[in-house]
Structure formats: structure tokens, C-alpha cells
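In the two complexes below, chain A is the common chain; its partner is chain B in one and chain C in the other.
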Partner chain A sequence: MAALVLPAGLLVLLLLVAPMLLLARISLNQFSPTEMMVEATTAANYLRAIQDPYYQQVMATTLGVALGCTLLTLALGFPAAYWLARMQSRWKSLATILVLFPLLVGNVVRAAGWMALLGNEGAINAALKGLGLITTSLPLLYNTGSVVTGIVAVVLPYMILTLASVIESIPRQAEEAASNLGAKPFTVFRRVVLPLALPGVAAGSVLVFILCMNTYASAVLLGGPQFKMMAPAVYDQFVRGNNWPFGAALAFILLGVTLLLTVVGSTLLGRKYKTA
Partner chain B sequence: MNITRRATLAGAGAAFASITAGLPGIARAQAKQVVVGTWGGDYGELLRANIDQPLMAPQGIEVLQDIANADPRKTKLLAERQARRGTFDVACLSDTDMHMISAQGVFDNLDMAKLKRGAAILPALAKPYAVPHIYSALVLLYNPNKITTPPKGFADMFDPKYRGRVGFSDILYSTNTFAAAMAGGGAFNNYAPSQKKLMELRSLDAKVYPSNEALAAALKSEEVWMTPMWLARGFMWQKAGIPVKHVVPSEGAYAIVFEMAVPKNSRGKDNAYAYIDAALQPAAQAAFADRMGYLPTVKDAPLPAEIASQISLTEAEQARLRAPDYDYLLKTHAEILDFWNKQFKA
Partner chain C sequence: MSMPAPSRLLFHAVVAAAFALMLAPVVMVMVISVFRQEIVSFPPPGLTLDWYVNAWDRQEFARGFVSSLQVALMATLIGVPTGTAAAYAIARGWLPGKGAVNTLLLSPLAVPGVVAGTALYMFYLRAEFWIDADITATLHGLVAAHVLLTIPWTVRLVSASLAQLDRSAEEAAANLGARPFTVFRRVTLPMMRPGIVAACLFSFIQSFENLELSLLLVGPGRTTLPVAMLSYLEFRIDPTLAAVATVQILLVGGLMLLTDRFVKLSRVV
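Take a look at the complex of A and B:
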């Protein structure tokens, strides 16, 4: 049976682990403007990234956006997932496809659409100006709000589908029993549905959180030049600064923080699930 | 329908042909090809219309454009420099980028004997590792409707009258830093004054746009009135109805040269030289001047008088132009980018 894992395992080893190891090695090298990279074994790149207030701020923004988007996605996704899971009609598969619809459009294309809507000369500002409600454009683009909007639109389907599959497995009778015993709808949700759906909440949140932490296109295109998250900062070091060692160190720090928070988060939720 | 063995074979053959048509490695064995790493947009399109089709196709050489912005292509050149076979046969980059990549030993020194058009190149622009393709000057663009007294130089960006009306293109961080440095009494090999001056601009609400195109839109809507930019871009924008005029800054400025070079690991060097020769043909050069406002880099390219008057520089203006200090930029590039990102834009 173990042989079944072999093809996928080899592929991952070749395409993921090998480049990661190479990148780990590069992160210990020294940057030189004239020679690009000098072979070394130094932790200087990591120390610089951790101590520099600028990168602390970039990491804080990244964490803030990722956590905020995860919570917002959860809040928006849960009712939709519940509705989808409890749906009896023959339109259910169509509704599922509709949820998936945003994923059919590439990240960049979708961001371009948001830009056309939110820009200074975009559709919303043009409409408001046309109606005479405003005279100067509202700054809708290039701020945290536009980035969060863009990201949530991308990750919402992941959350809804993950939650829906778990909610579907909660027997409807459990909710009916609670109602019969006098529980109000909100109490049914709080005491019955939510605790039973916790594994889905955990899985969906982890998935969404990881996607948000690594946001690139939405952050660059909707955040504008002044908005910095970690993935664009890594790209900047590799491609604009030619500083591969520092870029590699930043990439591993992003990976480490994401991994740590994912493990901590799912452990906490897992514990709650056991006690619930 | 009867499926015969013969029809199946023919179908499989056609399917294989259509799959492999997209693979340059296999296709390369059949025809003469040259892979040109270039910008897309107008530049790529003009290369196609004025070099690839009229000059290369008759020689039986097919041109494949590998299109991306300069930064990803620089990274590709660096990442492939140890590889036996590289992607590009011809790399197109600006002079500063070209120097930076050349310093990493990526390019061949050019064999001028192989270039038929080598003798026509303007001597001031000649380099051992690259051929100049087109060039223009760094100028200060301003909106003549809003700024009625024409500015003299970069120092005018700091006039409190223009608070919030100075715009920058984010991708030109190095050039913008240079402009700030010169306004603060800096020099081609001393950008140190730029730090104080950039922070001054920041407190004057200078705006940063993610691309040249976004900056153009802001100039058009008259959201900003002034920006350091290439003269050729100003010419194009003017043609597109954007209200801008230019001045060659009194502090001095540099020329920007877009160059072509042949990577050491190019797989078709003869074709690469043929391509560069074609790019130096007078007709191809004149096309770039006509459409994009870039000046020819060869002595014998004819320019219509009307265009020449818009994009050429007077002798006094030319005297204010110099080549950037490439070695200084190579050493300070990371620092310039860091300051731009971490202090100015923060």
C-alpha cells in the first residue's frame, strides 16, 4: 500500500523539497552588490529581518490582514455554508458550482476587475460623480479595505465548501431535538451546530489563513505601492533588490510564522472540540 | 465510423505535431530562431513590426519574444548564468540594468567584426558588452495649464505651491532618488542628499503610483502636475492628449539608453548578431522615434523635422546630460531601494 504514495512523494521531493533546501542554503549566504552572493554560513539575514522595525511592521500588517480576513470569511461563510448544506432542492449542485465560480477567474484578472471598480476613475466613483453625490473621487483603492475586500472574495469559496461538507454531516435531528426541548434558534446554533461544526471551522480557517498569509497579487494590485505584505516584500528582495539571501530569509520567516500559528491555532481549536 | 489503423496513426501524428509545436527546444532543430527577451507593450510591438517581420523573416529567421518587465528578466538572466543553455539569445535592458547584469559575467563581449552596422553606432553610446538600441533623456514633465511659469529643474518639485501635485512612478525609484539628490546638491556619484530631500517631498504629500501607466492616468486627470520622466514618454503622452511639457533640469540629468546584449549561454549567437544588426537599420530606428519618441543610436537614421524638433535636445540641453555613474549605482542600488521602500514610502 505504501507504494501508492511513491509517485506523489517523489514529485513533492523533487519539486518542493529540493528547491526549499536550496533556498535554505541561499538564506545563509551573504549579499554583495557587485558579486550578488558570497558563500557563507551566517544568520545575519534572519537577524536583520527580525530586528528591522520595517519588516516587523510588514509582518504585523500581514498577520493583521490574514487574521482579519480569516475571521471575516468565517463570519460571511458560515451562514452561506449552512444554507448550502441544508439545501434539499435539485438546484444544490448548481449552487455549489456558483460558490466555486470566483475560483474560475485568475487572481490577477479578478484584482484587475476590482481596480476597474474601485479606482479614482473607476465605475463606483464615476457613478457617484454622475449622480452628483460627490465632486472629488473617494479613495477606494490602495488601502487596507481594498486589499481585504479582494482577498475575502478569493478565499470565501474555500471556507464555504469546507464548512458545508462538515455541516452536512451533522444530523438535522440533533437541531430538531434541541428545538423540541425549547432551545431558541440562536441557542441551537451556539450549543449544537457550532460545536459540532468546529472541525470544519478549524480546517476552513487554517486553509484560509495560509492563503491570506501568502497573498501576493491582491496586495500588490489593490494595496498599491505603499501597502506592504510579506510575499511582495520577498519578491521585492529577489527581483528588484537582487538580494537573494535576504529574500530567502524573509521567505523562511514567513513560512515559519505561518506554520507556527497554524499549529497553535488548530491545537487550540482541537482542544476546544474535545471539551465541547 | 470505421477506425482504421492508418487513420489512427495519422491522427496520433497530427496530435503529436500540435503538442510539440509549442516546444521551442524541439522546434529549434527545424528552423532558425532567435529568442529576444524584451518588454511588451509598444516596445515589443515596434520590434515585431519593424524588425521581426520586415528584416528577420526574409532571412529565414523566426523571432520569438519572451516578454516581461525588466526585473523578472534580470532575475532570469542571473538565475541561468551557470546554466549551459540560457533562454535568451538577445537581452534588452536599460543601460543601468545592463551594467548591473554584465558585472555578474552574464554577457559576451561583443564581436564587432560580426556586426555589419557596428560602425554606424554613435561613439558616445558604444559599450564593449552591449549595443545601444534607442535613447532618451531624463526630464521634468509638467502640466502647462496648471504650472504657468515653466519650472527650471528638480528643485521646483519642492515648491510648497505644488503640495500634493508631484507624482512618482514606483518602478523609477532609482531615477526619482537621483532627482531628489540633484535638487539637494548631490552629484552623479553622490545620492546622499536624496534622503533628506525625499523626506521633504513626503511631507509635501508627493504621490507614488505603481506604474508609469498609472502615473500617466493621474497626469491626465490633473491629479498631479509634475514628475521626473523620460522625454520620450513625455512625447508619447503628449500625443495621447495628456497635458505635459518638458524641461531639461538645470541641475543636470542623465540619458537613458535601452541596450541589447548577447548572453554567454545563448544557443544561437549568429542569429542574435543578425537580430542586433537589424535593430540598428535606419528604418527600424526611425520607427521608434516616430512612435515612441526615442532617439536613434546610429548616425544615419533619418528623422522627420517635425519629430526631431520635439524629441531632440539643444546643445545647451545636451551639455547638461551625462551617463549615470554605473559603478556607484551598482554599489548603492540596494540602499536606494531600501530607503525608497522603508522610509519614503512607509
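Take a look at the complex of A and C:
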């Protein structure tokens, strides 16, 4: 039996664990403009990343966008998940496939779609001009709004599928009992559906938050050159800056902050789940 | 829940907005791929399919498409068998440290593509130095990286289908005298098929559309389709790129419909 696990286990050890250990080691090295990298054991890269106002700003943007997108995705995704979970007609499998399909199409393709919709000559500006509502194009692309729109669209399917599977397991009778006893629809939602769906809310939000923190394509293509989030900043250090130790430190800071907030978030939600 | 009319309206508006957000960009890309004018403007002056020919003539897209197909196929061929074997052993075996092994195999899903991609890039450069052969910007380098996508997806999907299996069928076969291998081949394996089919679909597509893991591992001679599209899109969106994206959309859609004939996708995920 152990032999069956070995090939997959060794592949992950070789291709993920070993490279991560190497990256951790590199993050403690010293950058040298002439030799690229000097062996050392220093926390200087981490300290620089934490103290540099530029990277503080990049991290603040990333956190703000990720938190905002997670909340927005939850607000949009919950009704959609409820609708999907309570659907009984033969269209249900089609609706599920319509949620799954954009998820599988890929981030770059969907970012391209948003560029065509939001650009100066894009569909939305053209429609507004055609209706005579505006004369000059609205700057819809290359700002925080376009990045948030793009990210929410990318992560919505994950949220909906996670929530729908949990809502499906909530017996309909629980809701019917509450409304038969005189609870208004909003009370049924707040006192019955939401508490029972909290594990799904926690799982979906954590998954979506991690995806948002690590956004690359949406940030680069819909944010433009001025808009900086952490994932593109990490790559820049390797591609343009060639400062490997600093790039490695940035990567671990991104990973650490994401994990920390994920743990804090799930603990808080978990506590709420117990008291609810 | 029976809701009063205004709330019901709001509820359905939010549901519609969620679906519009998910589907609008996909539909938009397909629409502009047939616009006649190179500079996208609405309404289009006419329609044409010439951009599809133009896209194939551009080497970066044609080569990227072939590369992505090769990488996705090979990563699936490596990841699905190894992942399935591991998932079977974890679900049915007497394995010490099962939980830890399971966590290890699923861990590539938890490490962001950006971090794993940079780590692999550094690792490849170090390994190139040791073995004196190219790994970055090669097919096998990319395939190895994408195995990190196919193994966890396979383990997750096959484990889920194994968990739903009724073990009494296996026990019945064994009680009727079937040898362990026969039980596996004639009972367990057929029941695992939906999970394995879904694992193939997800592995292939996750690899085909992956950007973050591949960004640093491509090179002048060897790029993947998403990376080629990204560098083109940093300058403009035009019908040529939309045509490339549409081909990817149709490929994914086709694979989904094909898979759906064998396993109901709405039940797998």
C-alpha cells in the first residue's frame, strides 16, 4: 500500500517541498549587484520589505482589495448559491455547468473580456455614447474598480459552488418550520439558513480570500502599470529587478500574511458557529 | 422561503448580476473575435472569421497552443495515475500517517501559484547548475511544474468518489471467492471511474489554463498559451487575441460537454 503513495508523494516532495525550502534559504541571503547573491543569514530582506513605504503601500492595496472582494463575492454569491441549491427543475445541471464553465476558462481569457467591455472604445462606453448619455468615454479600465470587478468575477464560481453544496445539505423542512411558526423570510434567513450555512461561508471565504491575495492576471491586465499588488511585485523582483533574496522574502511575507489572516478568519467564524 | 415581491425582485436581481459577472467577459471575448475592424469599436463595421487564420499565423500563439496541449496532456498522464494510486491507498490501505500524507498531496493547492512558481524557478536554476542541462524554458520543466496541479486535483476528486463508494459490494465479491486483485479490477475500479474521469478533465484544464506557475518557467523557445496571451494583452485587446481566447473557450466547453456525457459534472463538484 505504501508503494502506491510513493510516486505521488515523492513528486510533491521534490517539486514543492524542496523548492520551498530552497526559496526560504535564499530569502536569508544577501543581494549583491555584481554577484547577484551572496550566501548569508540575515533578516535584512524581510526588514526592508516591512519598512519600505512602497511595499507597505503594495501590501495595503493587496489586503484592501482582497478583503473587499471577499465580502462582495460573499454578498453576490450567497443568493446565487441559494438559488442554485434550491433549484429542482431539470435546468439545475445546466445552471451548475454555467457556474463551472467560467471557472475553467481561465483568468487571462476573462481579463481579456473585461478589457473589451470596460476599455475606452469598449462595449459599455460605446453603449452609453450610443444612448447619448455621455460624449467622452468614461475611464472604466485601469483603476481599482476594474480590478475588483475582474477579481470578483474570477472567484465567484468558487464561492457559489462551495456555498451551494452546504446549503443543499440544509433540510428544506427547517426553513418551512420556521416560516410556518410565523418567521418572516429575512428572519428565516438570519436565524435558520445563515447559521446552518456558516461552515460553507467560512470555507468559501477562506478559499476566495487566498485566491484574491494572490491575484496576478487581473491585477496586471485590469489595473494597468500604476496599480500594484503583491503577486506581480514578487515576480518583478525576479524578472526585472533580479534581486532574488528580496523577491523570496516578499513571497514568504505574502504567504505568511495570507495564512495568518486565513487562520484568524476561520477561528473567528468558527467561534461564531459554536455560539450561533 | 416565500418572499414578498420586492425582496423576491432584489433576490433575483442579485442572482442575475452574479451570473452576468461570471459570463459577460466570456461572451464578450467570443463576440469581438468576429469583428472585422482591427481596432475594436462598437457597433462593428462588419463580421469576419479572418482573425482565426491570423491568430494561427502568429507563431507565439500557434506554438503556445501546441505547447500548452503537450504540457497539459503529459502532466495529466503523470498526475492522474500517481494521484489515483495514492488516493486509493489512503482510502483503503493501512497506511501509517495517512492524514499527513493526504495533507502533503493536497498542499500544492494551498501554496499560491506565485510562490510555488518562484520557488520552482530558483530550484530549476540550482538543478541546472548541478546536472548541467536546461530545465527552465523546456517542455519537461513545465510538465514537472504542472504535475503539481494535476496530483492534488486528482487526489481530491478520486478521494471524494471513493468516500461515496459502498464497501459492501467489494466485501460481497471477496466473500464469493474473488481474489483481492479481481475485486479491485472488477468492482472497485469501475466504481471509481466517475472520479477518475473528472480528475482527467480538471487536471487537463487546470494545466492548460495555468498562468502563475508557468510565468517564470517559460522562455524564448518555449512558451504556453496563457503566457503568450498575457504578454500580448499588456499592449492591446484586438480580434486576433479574442480569436485565440475563443479557441480556448471552445476547447474547454467541448471537453466539459464530452465529460458530462460520462459523468454528471453537477454531481462531481
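Here, the second predicted complex is superposed on the first by the 264 of 276 C-alpha atoms of A that agree within 3 Å, B and C clash if a C-alpha of one lies under 4 Å from a C-alpha of the other, contacts with A are read in each partner's own complex, and residues count from 1 in each chain.
Here, a residue touches a chain if its C-beta (ideal position, glycine included) is under 8 Å from a C-beta of that chain, and two chains touch if they have at least 3 such contacts.
Computed from a predicted model, the values in this text were never measured in an experiment.
Asker: Which partner does A:Asn243 reach: the first (chain B), the second (chain C), both, or neither?
Answerer: A:Asn243 contacts chain B only, not chain C.
Asker: With the two complexes superposed on chain A, say which partner A:Glu121 touches: chain B (first), chain C (second), both, or neither.
Answerer: After superposition on chain A, A:Glu121 lies in contact with both partners, chain B and chain C.
Asker: A:Ile26 contacts which: chain B (first), chain C (second), both, neither?
Answerer: After superposing on A, A:Ile26 lies in contact with chain C but is clear of chain B.
Asker: Kindly classify A:Thr34 by the partners it touches after superposition: chain B alone (first), chain C alone (second), both, or neither?
Answerer: first
Asker: Using the superposition on chain A described above, determine whether A:Asn214 touches chain B (first), chain C (second), both, or neither.
Answerer: A:Asn214 contacts chain C only, not chain B.
Asker: Where does A:Tyr46 make contact in the superposed view: on chain B (first), on chain C (second), on both, or on neither?
Answerer: Neither partner.
Asker: On chain A, which partner's contacts cover more residues, chain B's or chain C's?
Answerer: Of chain B and chain C, more residues of chain A lie in contact with C.
Asker: Please report the chain A residues shared by its interface with chain B and its interface with chain C.
Answerer: Common to the two interfaces on chain A: residues 121, 220-221, 238-239.
Asker: Within the complex, which stretch of chain A touches chain B?
Answerer: So the residues of chain A in touch with chain B come to 31, 33-36, 52, 54, 57, 120-121, 220-221, 224-226, 228, 236, 238-243.
Asker: Looking at the complex, which residues from chain B come into contact with chain A?
Answerer: So the residues of chain B in touch with chain A come to 71-72, 74-75, 78, 100, 103-104, 170, 208-210, 217-218, 221, 223, 330-334, 337-338, 341-342, 345-346.
Asker: Inside the complex, what are the residues of chain C that reach chain A?
Answerer: Chain C residues touching chain A: 1-4, 7, 11-12, 14-15, 17-19, 21-29, 31-32, 39-43, 78-79, 82-83, 85-86, 88-90, 92-96, 101, 104-105, 107-108, 110-123, 126, 144-145, 147-148, 151, 155, 202, 205, 208-209, 211-212, 215-216, 226, 229-230, 233-234, 237, 241-242, 245, 248-249, 252-253, 256, 260, 264-266, 269.
Asker: Chain C touches which residues of chain A in the complex?
Answerer: Residues in contact with chain C: 1-2, 4-5, 7-9, 11-13, 15-20, 22-23, 26, 75-77, 79-80, 83, 92-93, 96-102, 104-117, 119, 121-123, 126-127, 130, 149-150, 152-153, 156-157, 160-161, 175, 179, 185-186, 188-189, 193, 210, 213-214, 216-217, 220-221, 231, 234-235, 238-239, 244, 247-248, 251-252, 254-255, 258.
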